[in-house]
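The same chain A turns up in both complexes below, where it pairs with chain B and then with chain C.
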Partner chain A sequence: MGKTSYTLCIAGNPNSGKTTLFNALTGAKQHVGNWPGVTVEKKEGKVEYEGLTFNLIDLPGIYSLTAYSMEEVVSRDFILKERPHAVINIVDATNLERNLYLTTQLLELGVPMILVLNMMDEAEKKGFRIKIPYLEKLLGVPVIPMVASRGEGTGTLLRKIREIVEGEVTVVPRTPKYRKEIEAALRNIETALEKHLSRAFLDLYPSRWLALKLLEQDEEILRKCRKEAGADSALFSALNSEIERITKILGDDPETLIADQRYGFASGAFKEAVKVTIQDRISLTDQIDKVLTSRILGIPFFILIIWGSFQLTFTLGEIPMHWIESGFNLMGNLFSQWITVPWLRSLVVDGIIGGVGSVLVFLPNILILFLIIALLEDTGYMARAAFISDRVMHFFGLHGKSFIPMVIGFGCNVPAVMATRVLENNKDRVITILVVTLMSCSARLPIYVLFAGAFFPKHAGNVVFSLYLLGIVLAIIMARIFRIVLFPGESAPFVMELPPYRLPTFKGLMIHMWDRGAMYVQKAGTVILAGSMIIWFLSSYPAHPSYSMNYDRLLQQETARHKAALAGIAQFVKISPDRLAAYPPFQACEKVLAAYRKESSERLKKQCALGDVAQKRDTALHAIEKRYPGTLKPFRAYRREMERHEAAVEELLSKKAAEKAAKSYAGRLGRTVAPVLRPLGFDWRNTIALISGLVAKEIVVGTMGVIYQVGEAKNESQKLMENLRKHMTPLTAYVFMVFSLIYLPCIATIGVIKRELNSWKWTIFSASYTTVLAWIVSFIFYQGGRLFGLG
Partner chain B sequence: MDGNHLKPLSELLPGERGVIRKMKVRGPIRRRLMDMGFVSGTPVELEKEAPLGDPVDILVKGCHVSIRKEEAQNVLIEVTS
Partner chain C sequence: MVGRKTDEIPLPFAPFGKDVEVVHINGGEGMRRRLMDMAIYPGTKVRLLSSFGRGRLVVQVGESRFALGRGIAYRIIVRENGR
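For the complex of A and B:
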């Protein structure tokens, strides 16, 4: 038995169906990671076939094997260094000529290869008759027709892979022959390579390929050779004289000539192997584009699609949101019954369940948003969105493709930062990442909902919208400033394929959605869990601070007063005090009052008059009085006393809790930092909430709840809103929302920025500029508002 | 080839066709354009402009490629229709 595990990779153009094939072969057995050192996604999967294991690597989508992008470098390095047992080159059969350009370069790497002609059904509809055996002969590799979206042809592919890796078939790829001047130059360079480079280095690369790359002036390979041979090696003078000679004789630089001839090879193969039977049929894609990117309808449709995506995200997401919310509430209740140790109960219920619950509540929104984004990407509309928005984005120093991360930013900044990978140019990436955090993510929404609901109940929608708008405007302004200040000079080019519209596969959408959703869950599970526990600790300890009043004694006094008052009432109706609550006439009255409360609140909701409901109550109470004479008077006294007691107890408990919060570690921290934020109209409570928001902005609302001591009140958010109104003005509330929008994105986002840009400098810059900007903008809003007599 | 017949790709009208004769583009974008099929001798068609007038959608080797006018300016073509 030889080894039964083989490494394979899939290479191909973007939009050639690479990922569809990968999904079809591996199913759910995938692992998504990163290529070492770079931020290009690496997908791996396993395929079991007839007792063999194929380790399948999905290389990033590329057009070429130059050193233009990280994706290209990663792909060719993988093939050269890992020497996979076979390379599966998937091409879009409807677009064979252009796709074969990459194939040509893969053939030049000299590894065993299988060419997969994907979307054969569409190619046939387009009138392409592809002579497969002929194509096999021209390229020297097996060619397999396929419809990856339906899984057609995967069986043949697997069989062919087995034949190749088991050595039953030998593949000898045919490579293009260049013009004689270039071939001569290649031979001379190869000789020079043998002379000037070490054996070990030469063994890493096929020598003809190395010579080609040097002739093409590939920066990556030049750098490696310079490092190996020394920058002043005779190798480079030999190379330069070859380049000069070719440029002089042929009138163009070798790079262009080589590309020309590769295309010559590709289009030669295409013309010989493919018969086109229908000419110039207007495709469905062209017809759709006539509407979606048309001069008049293009922009309205663009706005409609983006608006629709958001509507769907938030309206559809609301339903499961309530389920999750009640699920966590139930869990909290259960745990608070099971756990008897008070501090542990508080940690689990308030810290862990409360903290993680407040984040997972947004999971439905996030999943729907990612599903829609996957849908837009997989259908091909995202490219059109970039096409339509590039003009505007370019004006502001961004790139049409920056649009995609910006939209994702509304869902969650974490995947938005990761989505900047679509940008090939590093400057564009840095600028986009820096401003993408200004996109108001869904974690900030609960803050807006709370404050807008408390202070601007009639205009809540407009207020929230104004914050989203403010984020966008700031992002645009900052992008323009960064482009001018940080990266002056030429902006990156915008070259992007507009792929044909396609129906996405269900499986593809699900995998796409889940990959990103999982990132969000991971954030909830790690950073936010830890953060919630830290915030819980800071705000709950020290557990027994020295209070300004003896709350416990005051409580005892109140209880004693209450007992005495009840005893008086009990004497009046001539029963023992502890049986007052169960006294039948009182119970009857309570029932009437309960019914009244229920009915009147329903009326209020419908905004109807209350007149007859109150009348109904009075009639019922009089009926009771008639049946049990002398009930109403003591009952009213009883009711008043009960309410007075409840209010007194709650006030004492709230005061105690608020004082505890103020004297907690978090409270002390808030008081220390508060002077910095005072010019913005914030007090120490706001400061604590904002500090806790560094962990995740969702936490701000929860912290507000703790500080304002909502306590055990039945209607928590109502109570919180009331308390907020006592301490803040509408102006400070709005400024608070503005500050929450802009200042430092959450820790998870900062972590992702560090990972993506691989630079502490940019990470620290991102964290600090947003906070400074938040201060400045809030200052303008607050002081400006006061000038106009607001607040 | 007489240089006078050549016209920047950016000046084509929607629906107009031509053949690439000279790539004046420099820098990394030149390589990218070549990878996408912009090499001399290749027929191209300006399919349409984006709603805001820029970028443009170029049909090259059966693919739609969007490039900005400032880049298309440096692709010289011979108009065929």
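For the complex of A and C:
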């Protein structure tokens, strides 16, 4: 047998059900990627049919085949360069006339084509009676009626595809004939093409199509021809004289005339092949739009939807997030018991398990968010939401559809960056991704809580709010700057289709959600994992730095001292030292003390006096003393000794941990970088904490704890706050929060930015501009604050 | 803009819910092309459905409806038909 694998593509207008058809044909066997060099999404899938393999490519949704947008260029290039065995042109049967405009342009490409009339059920309800055989004759291509959302007609479509690719049926597309002046011009240009362009070049394109595009002044094709023939070739003077002639005779430029005739062809085909039996019915879409885009209810409903999306994403997502977190903690504990080699344990538990955990922990948020986005897009509400918010967002230099990513950014920047997929325009996407990281995500909140709590306990709420506000203001300023500096020129005019409201299919929603989840884990996950591992390595190596003190010996000494002290007490009560903890009178005393601690902490919570609780304790202790005379005195000595020992060990261990952190590679890096951050009032400790925050910003708090030598004590945050107050002023604390807000988003965000923008250049730009911005803003705050005598 | 007939008005001034004919588009190449892809070009009929605040307009073109920015809408010159 010859080759059994064929390439096919699906082309069609946005909202014509392209993706639904793609899903209906391929099921879950699909792969989402990007077209090379651009952010336009490329979907590929495989269909097995009667021993043949169809490689199916879902082209982006387009209205036309001009070179006006990235999507159109990508689609056109694919059809011309890859020469698919067949093009499946899907059209919305309820909106046939406009959809046929693209069809005429596809016909002109001269490739084997199948026309799929989707949503036939709705078209019938609307009163369209489409004469299929007649339409086939008019266009010269097979026409297949379908209801893609229910999979109706897929069998017929696949059979037809097989017939075409196996050569059983030949398709000769019929193309529009233009006015005789234009036809004459086309013939002249074709002759000129033969004369001035190489054979190899001409073989790439159908010559009539090439002539048409030149007459339409298609920039992309003009550029290619100039490159091939030379800009001063006689081809262009011939072309220009044809254009002038047509403009003079027909009173309009060829481009408009050609488009007009294409519409004429489409509308002629529609009128001949379709009989409309019912006219002017108020549609459901009209009625829904009257409410959802009305002046009074439009905005409240929009806010409700956005608020609901945010709540669902993060509140509902928190539950499985906890499962994942505790699952990985459990796994970490198990492995740390199994693995006895310290360096291997650290690698597996902190490096690998920690790293994988940091990737998967975002998955619930991403899945829920994309389910919601798919729901909003497939029902048709997304376009309305963009319509409602566009005016405000446009003022900020953003698009209406940027609103959702920006809001999601307050929860987590990772899904927010992924949510920018709703934006079709490349510029809008780049700008939104660049500024969305300024939205203060929930991982930054622990930093604010710690510092605001330590330095501004009375105004903590206001301080935290000011940081959120600062993020928003900076995002607005930066978006406007980027719009002007990075993408100068007129912004694209706001024209957007408001598709009819439709019920989404369950399958479509699931596939969409699954795609995003898989893409996140595969593509972003690798970058995140690698990044986390690097940071883990930097902060835990060298494993045995040369300490300033011999901590191990000091610990041994302390333990020896402790043992001797306990032995003294044991001798006093006349039992052996190792039975001291189980000595019944001591145990009774411990019980009383435990009860006292529990009660008093409850009292403190209720802010009541402790007098009677203390009295109760003393009475109970005296009762024990009466029962076992001579207990209280040695017990007090015992208690004192135990506490002293615990404190000493903890101090040594936390000193050791702090020194290890300071002497790790990250610590050395922190010390090296520290001079750069000194004008902001930061010392090397702050710098190390900020570096560790690259993994996830909430880690800054943990690192602060290690560096400020706070052990695992119960009152950790209290002690940390005390230590912070010793080393920082309220001004440096606020500046530290400001810097934490703005600087380099976490590794996970960097990972998805790389994935989404498909470019290291933009990824590095994003990482560096935020850090520079953080420095500048912090500098202004710090030096400004000092000027006003703060700090 | 010079010598425009009095019954030719920018789209935002057109009456709601009534078919009007596009007579002219005052815009650059890019804008004209983009509108043409949406089937908005001289000779086509459009219907103004609603406007949202002072911002966007919703326009019916054939079976499709589009949201248009007010800036771009002002450049679409339409004519109410005699009937």
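Observations on the structure shown:
In this section, the second predicted complex is superposed on the first by the 546 of 791 C-alpha atoms of A that agree within 3 Å, B and C clash if a C-alpha of one lies under 4 Å from a C-alpha of the other, contacts with A are read in each partner's own complex, and residues count from 1 in each chain.
Operating definition for what follows: a contact is a pair of C-beta atoms (placed from the backbone, for glycine too) under 8 Å apart; a residue touches a chain by one contact, two chains touch by 3 or more.
Note that the coordinates shown come from a computational prediction; the quantities given were computed from them, not determined experimentally.
In the three-chain model built by superposing on chain A, chain B clashes with chain C. Using the contact criterion defined above for the overlaid structures, shared-chain residue A:391 touches chain B and also reaches chain C. Contacts of A:227 after superposition on the shared chain: neither chain B nor chain C is touched. In the superposed model, A:786 lies in contact with neither chain B nor chain C.
Applying the stated contact rule after C-alpha superposition, one finds that A:29 touches neither chain B nor chain C. By the touch criterion defined above, A:563 lies against neither chain B nor chain C after alignment on the C-alpha atoms of chain A. In the superposition on the C-alpha atoms of chain A, the part of chain A touched by chain B in one complex and by chain C in the other spans residues 63-64, 66, 68, 94-95, 97-98, 101, 255-256, 259-260, 263, 285, 289, 293, 295, 298, 383, 386-388, 390-391, 394, 493-498.
If you check the complex, the residues on chain B that touch chain A are 23, 28-37, 39-42, 48-55, 57, 60-68, 71. Residue ranges on chain C touching chain A, taken from their complex, read 27-28, 30-39, 41-44, 49-50, 52-56, 58, 61-69, 71-72.
The touching residues of chain A, counted against chain C in their complex, run 63-64, 66, 68, 94-98, 101, 255-256, 259-260, 263, 285, 289, 293, 295, 298, 383, 386-388, 390-391, 394, 490, 492-498.
Chain contact summary for the complex, chain A toward chain B: residues 63-64, 66, 68, 94-95, 97-98, 101, 255-256, 259-260, 263, 267, 285, 289, 293-296, 298-299, 302, 383, 386-388, 390-392, 394, 400, 493-499.
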